[in-house]
Amino acid sequence: MTGIDVVGPQLAVLAAAAVVLLIDALMPQQRRVLPYIALVGLVVSALWTTSWVARDDYKTWFDGTLALDQYSVFFYFLFAGITATVVLASIDWVNREGRGQGEYYALVLTTCSGLMFLSAARDLITIFLALELSSIPQYILAGWGKDQRSSEAGLKYLLLGAVASSLLLYGMALLYGVTGTTLLVDIAGSIQADGESHRAVLVLAMCLLIAGFGFKMAVVPFQMWVPDVYQGAPTPVAAFLSVGSKAAAFAVITRVFFEALGARFLSDDWSMIFAVLAAVSMTLGNVMAIVQTDIKRMLGYSSIAQAGTFMIGLAAISVSGHEFTLGASGVLLFVAAYAFTNLGAFVAVIAISQKIGSDQIKDYAGMWQRSPFLTVALAFCLVSLTGIPPTVGFWAKIYIFNAGIRADLAWLVIIGVLNSVISGYYYLSVARQMFLGESSDGAKIPTSPSIGMALGVATIGVLVFGIVPMPLISAAHNAVEIFAQH
Amino acid sequence: MLFLESVASPPSIGEEWLWAILCAPLFAWALIVLYGRKLGVVSGYLTILGVGVACAISFAVLFNVIDADGGIATHSHEWFSAGPLVVNLGVRIDGLTAIMLVVVTTVSLLVQVYSIGYMEGDPGYGRYFAHMALFTTSMLGLVLADNLFQLFIFWELVGLSSYLLIGFWYHKPSAAAAAKKAFIVTRIGDLGLLAAILLVWTRAGTFDIAAVQDWATSGDAKGYIVTLFALGIFAGAAGKSAQFPLHVWLPDAMEGPTPVSALIHAATMVAAGVYLVARFFPVFEASSDARDVVAWIGAITALIAATIAIVQTDFKRVLAYSTISQLGYMMLALGSFGYVAAIFHLFTHAFFKALLFLGSGSVNHSTNTFDMRKMGGLRKYMPITFWTFLIGSLSLAGIFPLAGFWSKDEILLDAWRHNHALWAVGATVAFMTAFYMFRAIFLTFYGEYKGGEPVDHHDEDSHFHGDPKHPHESSWVMTGPLILLSIPAIAAGWFAYHETFGNFINGALPAVREEGSSFEFGIAISSTLIALAGIGAAYAIYYRRWVTSESLRATFAPFALLFENKYYLDRLYEDFLVKTVLQRGWNALLQANDRYVVDGIVNATGRLGRELSTRLRVVQTGQVQSYGLAIGAGVIIIVVAVYAANPL
Amino acid sequence: MQLSLLIFIPAVAALVVMVLPQRYEQQAKWIALVASLAILGLSIQMFFAFDLDQGGFQFVVRREWVDIGSFNLQYFLGVDGLSMPLLVLTTFLTLASVLVSFSITMRPRAYFACLLLLSSSVIGVFCALDFLLFFLFWELELFPMFLLIAVWGSGRKEYSATKFVLYTIAGSAFMLVGILVLAFNQDTFDIEKLGQANFQGTLIPLTWVFLLLFIGFAVKLPIVPLHTWLPDAHSDAPTAVSVMLAGVLLKMGGYGIIRMCVTIMPKQADDYSIWFAVIGSVSVLYGAFITLRQTDVKRLIAYSSVSHMGLVLLGIGALGKVGLVGATYQMLAHGVITGLLFVMVGLMYERTHTREISRLGGLARQMPLITTGMVFAGFASLGLPALGGFIAEITVFLGTFQRYEWAVLMSIFGVVLSAGYVLWMLQRVVFGPVRHEWDDVSDQRHWWEHSVVVVLAALVVVLGVYPALMMDMIGPAVDSIMLRVGA
Amino acid sequence: MDGFGVTAAFWVLAALTLVSAGGVMASRNLLHAVLFLIVTFIGIAGFFVLLSADFIAMAQVIIYVGAIAVLVLFAVLLTPRAGRDNGETKMAAPAWLLAVCLAAVFIFVIQDTNWHVLSTSPDLSAFDLGEALLGTWVLPFEIASVLLTAALVGSIMLARTPQEEAEDALA
Amino acid sequence: MNVGIEHFLVVGAILFAMGLGVALSKRNAIGVLMGVELMLNAVNLTLITFSRFSVSDRPVSGQTFVVFVITVAAAEAAVALALAVSVYRNRDTVDVDRLDLLKS
């Protein structure tokens, strides 16, 4: 029973998925309710998670393959929220596309459960499966659209994903081979015992893991699929990809590297790797975003840059356990902030492009006249992405740069701040289009309630946590306390 | 010297009275500014009232100081302070101040009265009197100030009111330009004064005039510092008193209403420079270099201005240039230890020059022009004006026994004592002065009337009444002041003849040099003869026409050209220095730098980014395999890099 | 308590204005007016309640806000003699800019919301005592400003708005690094503590930190050659925004340099004071020379601002009491005077719809009152005695002369040049022959315009004739800084 | 592990696997490639037997050869007009270069490491495996089932023809 | 001469590399998929090798891993082929180098 209880949140989500499928199959007329069932499932799962927080009995289950700790709880909430927003944002699109609605929501929910497992897994096998559980439905969703671009995006995503996960697998295999176990804690122990002698193979495994997860995190040089897939995939799915899988990847990589590969002789190496990757990702992502004309592509590149910024947190490992967690909590904070912000941006894009049927930035001209609400919300999210108060993005930026400085990574932080200037440039140019451009037709853009709600949630989150960041920061901080013990 | 034994007691007059002098016109100004629209004509009387009160008190002060044998009294209060910087507001009276007060208030009063008539019906009537009141206030403040800081403040305010009054008829482009020119040129001089203030505060740590005098004379200040300070002071003075090379603004300043020219640009403000140098006379005593500079600049100014005055055809400009040259005279005197003489000349000059200007105004009022070639024979139409003007001219020319004679004579004496070359210049100038004044008189008041300037009724800005065809004497409000002013123009010299005046003025100084007698027959007779010669020459050329001016001009063509073009100084300044070098050259360069270099770099950075971005796009070929390659290559590179970074 | 109110009244008012229903949108201005009056009254009350004898920070508010291990941020407000006058200045100009915007009809709700947000953030900058809080407010001002220029501006408004934002972001990017390094070394963001700390073994050399912070502030000041955003922003911004920009936003730079660079890192400030003097005097002259070439009234005033703010840097460079007091006073004076100038130009622009000097002329006949205002403001800005600018300028000169005579001797030429451009502008714009183009314009005026002009003019005069009012407050604050500098 | 039989078996299997893999690489015809792939799978299964993982070997044969390969064949047949050709893209040369480098790195690492090896094979029966699957790793086991379902559902949706979609929309 | 762990690992490594080469060089999507399958098999081989040789208290975990890999591979293959088919429907081709609507 306790086992069931432990995986309750995921079960709730999956159950919702099953119900959705059944209703879709048995009573097609009732399709309108599907998304709301999905939402119910997500709410239940969130409540379930809350009950843990209330009970406060954190431990690991299934012989240590699944961890039930503040860390996973943090991400459970996050993923539930993300998925809910995505579901809300999808409704209009799915109704219009009219292709297997039940299946769509079911897959979204499945992905969500996969993400949850991913954030809680403490065992290589479980991680691998959870990763696939969150990826394969996403491959499908990316190809869900009927047009060529969508299926092309799906296929590209899948092929590259397969290659990347093979690399990941090989890395895991090596890790297993050296340590003789797949449990992260035992791996850590065995490395502590006689890791030094196996440094070569460990480094190789480490790099392969970085490649595998880096693909999901979308950091240079594993990022190149991002713009294509974002542009081709249905916008709600792109939103899901841009926050869901990225967040999960960061969740898992943080856990794996801090728990299993935390040994000094490794962490010195990988913190440097992360630092370099961070610098490259930020710069490349931002520079390439400058000339983009398609807003989804632009957001894709910007998400690469953002990933680079998260990585400062991963790179920010210094000696004392305290600062150690500072970097990790920076990652979590940034992930959450980014989730709110980017979702908001994507939802706004969904609403707009549904109406004007284009993702070209130049077609956003004069939005300010056509839909003040959407314009302001989108502009707001862009401001948050730039890291200007009063938005949550500001806090994330400050916090993670602070971590970087304290980890003696001044050079990286300087690169970071310069990049925030570049990003300011292209985010502003979008805002400029919307506020100043002259729109060809002044037709108002209505906002459907679901979209409005999704957007509202995201923007409120951005604003509220921008003004009272304390809860979010402390949550992130407590979540990573578990690493302090190692 | 008699008064040195008798200890000079500080004047007993109460401080509040001194402040009252300052405040009376100030209130008039404030009232007009606040209620100017409603007041209408009353504003004029208001100003007269204010200035009158000030005038009355000033005389009281004068006598009080005389009773006190030219003692000194200062009252000082802290205004604001920031650490070591302590700035006071205070008043100081002594002989010098008292004389200046009297001069300023008296002339001002008479000019205001005159203005009632002159400005009658002008749309800016109220504004005019407001400015006048403001000017009087600031001039009095300048005179009363007991420290350099405060003095500088009123110094600038004087400049402001001068600007406003020159540009009074702002719709005339020439007036607007002249006003701007006056302010800027004087401000250039003020730079020196400002620098001097900075210097003295950092070196002496005080602004107080007495303290500064002590500091300069005590000798614990380095010689060159004192010289620099003195030169700074003189630069300021040169600006206000229109000394070469900063004299160019004064002739243009005649664009203002004539009473303004009389009050500000003849009698009082332009004398402020002389006053300033006199104020710090001990400093100049302490530095002979500075003194020589003053003397020679004065001499040059006097000469240049006189030469230009000879060829002017504009009635007022003749007077303007003569003013410049007389100011040069005063400077010359100061430079040659003629402290008393300078003040004395300032005193007399104030009266007869004001008289002359008001006379010219009266002429203009009936002929609607200042061009002497359009006048002539006015003697019979406007007798009062003629006679008073004649008195003024004689006095200026320095004919015994008029006021000008005594003061000019004393200056020449000091010059002779100090340096014969200076005396020679002075004498030449004296000759020219007599010459051009009587040239003006003969052209204006003798011969046949040439009809003046016909009235242009389309110009809504002209407020000329009457008919230039038939000139007439002006009304009593205008002639009255003329008559009143001619009295000091005649008599002002006498009571200065014996030494009381000198002692009295000297009382303002911390220490007094031995001075010889202030009169020598040799100098007196020679200068009189020179003046008479000048008059005679004018009589020969412009009345009898034994020699025609044309032929003379032809003979001395190059000189005439030089004079008529004012030595090309205006061209040099405006066309060459300002327009060409500064605007078209230097500033254009800087602006180009701003636009193309500074902004250029910024925009170039942006373009570079876009360029880079477009270049990088080609990497994104859309080929899955290339993406896969990137992944694989990434792994290998990272692994190898790590192994290389810290080998196994 | 009062400080929190000062910050939150405008912020809340902004929210209220934003949610105002469509049909009441013309009422937005009244709400804005009430809010700005409220903060003005409050700040004046504080100004007189400020205890001159007891130095240090007053009206302190201190709350833990974010406190996570090594990332602890307090909501820590307070004012001393340095910030109090600037605070009053801000509230005054807020009122002024609200009043001059009374005739705004395009999207008034958003407009006034942005304006109030702007003023709230500037107030925050001036009274924040936690470095991170300071930074927050510093950045908070960006987006409203961007919108105000970009939406309600004129001309190449997009370009100018973007330029403004990018310059500021770039500057504050450097600043952020500096802040974090300092905070890391002392393990606190508390400005008061940092102000007494002595730093050893900072992550990057303290000199670099100093330069990072300095660049951040200097962009705002602005100094040559980081100034080119200013003329563009000014010439394209609406009047009220120009008033705020020139009046208070530039002052944030000077305030930052004094409060952060000089107070926290006096040693470095001492080493680099010569560069302050150089840059300051160069800015003075460079700005003034270029001003002489301007043909657009607003650009002209903008460049003159560059020149005048150079004096602030010069005064700081003296690192002496007189110099710092002068610098602060110059900030106040320039704030009011330039504000007034922009108001006058704005009023003129509303009537003639041009700012091209070559097209204007002879307006004195049509609009005597506006002319009077312009002449007054013009003379104030060229440093006429008995008006605010003079006291400030001469105090700066006196304060700096001891240390850097050459710099001052260079800078005083700015005095002549300023006379040059101001009078030239007046001559060309308001004087000269009447142009029949402008026969029908007149300065029949609304009470609000009238009151703005009167209030600001009065302020200019007060600053000019009663300097003790401010100096007695600034002096003690500067003293404490001087203790730190050890001069 | 030694003994001639084993050694011989290893080399034979290695040759078989790698050569057939090379066949997959080389063959221009997709169908041939599939056949080579199947041979490779079988070779791998042989290795499994050699490594005394009999159950896995069986699973390998059943699933890969039985399922996946067939799946691939279906795909080939379902896309007739795409042609049977299995040529390389422009990216071929760099791809091979990359492969070689990767192999080099791997082999280097493998050789460099001194593996702690067991002398005797741990005898693992299918029973142990089952126990592990339903014990420790029951969670991944369940996840796998969900995963398969999801994949199934999704694939069906993607593979449906427009007509099916249309009538589905009507319903 | 006897075969040790390295031999098996080397075979796995080579196979993996070949798989990658195939995956990155083939034009036909299905060819690419085969490459991926090869890589997975290589991984499986490696895992089994380790579970046979390496010192561990749960040698069975290696085999378990393989079971899951096989399962996932199957699922992946299924989805891949479905996608390939849907692409084919849109474009009449499964050549990945002609799938470049989305780029730069």
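By written order: A, B, C, D and E. Residues from 1 in each chain.
In this text, a contact is a pair of C-beta atoms (placed from the backbone, for glycine too) under 8 Å apart; a residue touches a chain by one contact, two chains touch by 3 or more.
None of the values given here were measured: they were computed from a predicted structure.
Where touching is counted per the definition, the chains common to chain B and chain D are A, E.
Shared contact partners of chain A and chain B, listed by label, are C, D, E.
Counting hops only between chains that touch, chain C reaches chain D in a minimum of 2. Summarising the inter-chain contacts, the pair of chains with the most C-beta pairs in contact is D-E. Rounded to a whole number, the gap between the C-alpha centres of chain A and chain E is 26 angstrom. Computed from the mean C-alpha positions, the centre of chain A lies at a distance of 30 Å from the centre of chain D.
Rounded to a whole number, the gap between the C-alpha centres of chain B and chain C is 37 angstrom. Mean C-alpha position of chain C lies 65 Å from that of chain E.
The residues of chain A that reach two or more other chains are 125, 128-129, 132, 136, 140, 143, 151, 154-156, 159, 163, 177-178, 200, 204, 227-228, 425, listed in rising order. Among the residues of chain D, those touching two or more other chains are numbered 89-91, 94-95, 98, 102, 105-106, 110, 112, 115, 136-137, 140, 144, 147, 151, 154-156, 158. Contact of a single residue of chain B with at least two other chains is seen at positions 617, 620, 622-626, 628-629, 632-633, 635, 639, 648. Across the assembly, chains come into contact as A-B, A-C, A-D, A-E, B-C, B-D, B-E, D-E. Considering their complex, residues 623, 625-626, 628-629, 632-633, 635-636, 639-640, 648 of chain B touch chain D.
Across the complex, chain B meets chain E through its residues 617-618, 620-625, 628-629, 632.
Across the interface of their complex, chain B is touched by residues 155-156, 159-160, 163-164, 167, 199-200, 203-204, 207-208, 210-211, 214-215, 220-222, 224-225, 227-228, 268-269, 272-273, 284, 287-291, 422, 425 of chain A. The residues of chain D lying in touch with chain B in their complex are 89-91, 94-95, 98, 101-102, 105, 112. Across the complex, chain A meets chain D through its residues 7, 14, 21, 28, 62-63, 65-66, 98-100, 103, 106-107, 110, 113-114, 117, 123, 125-126, 128-130, 132-133, 136-137, 140-141, 143-144, 151, 154, 177-178, 197-198, 200-201, 204.
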